[in-house]
């Protein structure tokens, strides 16, 4: 029996819109709750009744199979009913605003909205406009808190701690919500974060976030316990042609040779889907340092924890023992 | 415990294709059943086992997130399994007719088809061709019975009656299935209906439906207990340009000033999504006279009632007590 | 109570990728298990808990409402959680390979992937790359094993045997996975298969599969107990114009006159959706010899059997008695 009821009592937030505004204690509570849900996914019957009778709406204004499916699986393993809304079908076409859509979902007596939107701040705005819980599944280049939580969960599982670790984030940090959420989460928990990327991919005043910039990938790796390799979104920028991809791989690509050179048991993470031969070699992606598939597995546990804590599941706990 | 078993015994229709052919008693039974299901959505666990083991197919030839989601939530709260079919994926592409599709769904041993189609009469035709239940979720400009039922339910909840009320319907009545179903439902229950719209939006011989036409919005409102504001579907008619929208709002738009002028506690309804500043002002849509979000909430209860009554749920009632 | 537990113990395959590699005993076990699940669909509550807590992912790289819906209904009647992934939304767009996608689904702790893909061999490749079960829902022109199983199940139900029967397959056999799977299945069970089609639709060396070719439809029918009419996929070949359709119908179309001429109780099957007046007349499709809708019904039972046997459901059987 999963017993998260004491965590429940400690959690006071209606929403999860980002890691920036969470305390160290909030994040630790999320990770601890995720650990107990991870056990559920190893069972014969991988379900708990924690959200039975609750309705979770996946409201996706950007298509993202991986994130949508992960939230859908997490919600169903909590026994929630799940409704998927994709922009393709949405009344967004008819000009309805995000807030109107949110209030309509609330009027359906849904309990929780998981929102993916291309505008930074969309999840926070929605959270202010509805009384039900909102979970940010990625808002523009702003935050993607559940991705960062699953990265940190996986790292902690491997290294048995976060405090005192050094994590290098490689790639287009300027346009990465994954990077931003990781920086907030890792630094709050006492890890050191290094950014390694071409200059154009490094946001101005990044040092104010408490990170350091090391432009040389080999030097960055030599100082790190883990590397989080961002997906190069060349499809977003049509100007980035094949030679540029090759050049990027040569300067920043994570190869086995570079991993071996560190002489350390370095953890390799990637939010997926992997661009083999662009930001990471196949050898590394599928190799012993990679925890990429474990990240996917942990994503379910982390999202179960988030949905459980932010929802009104508290009141159920007596009946369902969940 | 919801006890609709006596309603069940009185209901004899396999399908709900429109309000035109229902009796006053049928409509009252639907509204009464909806009232008992509304209570379910206020519970901790918002589910009843009434349709457990039943399969509801949402067959949508026109995209409509709002209506599809409302039916999906309603069916899931009745514990049914729900299958969504949208034209995008459907074998309609392969030229299969609606009746063939219907018979195939029946052959899957599904129990109920909720159909949205752009052709008037589609739901009725399908209902004749299959033995399982068919619920019309909108057929062309013909009928949208569950929308009208939720409008009437909401009105009755506010005014404690329908008989003797006067309801103005404003907008493109000629092309509105919502208007048509409302007219049938309201007049059968003894309400008076006023149509207020530009001439081109008023169907020929509308008076034969038992309604009166008042072209001046302020006069119409002054005689009404409620106004049902139709969405102006300007996107359907590309010729309707911006100046025409402004002009429409000036002549027929529901503004706070016009509401206040009536000096009455007038109820403002809208099937959504709202075109703010086109057929209604934001102030009214979000104001104290508006019941727009309550309509959305009541839509779930009304659709639960419809699915419950038309389905073969009767036979379950003994076992599940639902 | 369905008792398939003894079948369970005999079944040893993780996947179902085709009928070619199955033994006669494997196929008989599948058909026998399907028969017991067919009984479930006649119940008040058409569900068994056999796959409760299991996650089935429908991974469709080609759109096919009929097959996807059939698998979705089958999985839900086994109480599984179902996740639909269509290429439209998939990270395939982002260049993720089928194997990466498969490993990601496996990492979600899903239990079973139902895959439809336009490349022959896709299901087999995926099955080799993941430890969880894979069911082929059609791979290119290669195999569509559950369709053939439901054809054979329906035929056996009608004729009380398969051994010794003669089945004519009419149509574009060269490009038909349905034909290929039927040939493997029927010949393994001791039926005789006749191919009847224009020369360009007959694969080279087809006789090596143990079938005979009879180009004249009336002669073929006169020797047959059943005819399986393939859908003419004229939409795949834009060059096939209207005169060619007419010509095809004249030479190979299944008409009541041709059926009557055989003076036999010949069974007419079609995988659907039917092209009325192209490969079959409406009179036959809807007539007494047609078992087309029964095929659809049996598809659920056959797919329940397949999902049940290949999944890890075995371990559940003690608890759920399913």
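Going in written order, the chains are labelled A, B and C, and every chain counts its residues from 1.
In this section, contacts are C-beta pairs under 8 Å (C-beta built on N, C-alpha and C of every residue); 3 or more make two chains touch, one makes a residue touch a chain.
From a predicted model like this one, the values you see are computed outputs, not experimental measurements.
S.K.: Over half shared or under half: which fits the residue numbers at the contact of copies subunit A and subunit C, same or different?
M.R.: different
S.K.: Rounded to the nearest 5 degrees, how far is subunit A rotated relative to subunit B when their C-alpha atoms are superposed?
M.R.: 120
S.K.: Measuring centre to centre with CA averages, how many angstrom lie between subunit A and subunit C?
M.R.: Centre-to-centre distance between subunit A and subunit C: 40 Å.
S.K.: Find every residue in subunit A that makes contact with two or more other chains and list them.
M.R.: Touching at least two other chains: 88.
S.K.: Under the stated contact criterion, what part of subunit B meets subunit A in this complex?
M.R.: 41, 43-47, 63-66, 68-70, 72-73, 76-77, 86, 88, 235, 272-275, 293-294, 296-297, 299-300
S.K.: Going by the contact rule set out above, which residues of subunit C touch subunit A in the complex?
M.R.: Subunit C reaches subunit A through residues 52-55, 57, 81, 83, 85, 88-91, 93-96, 100, 103-104, 106-110, 315-316, 319.
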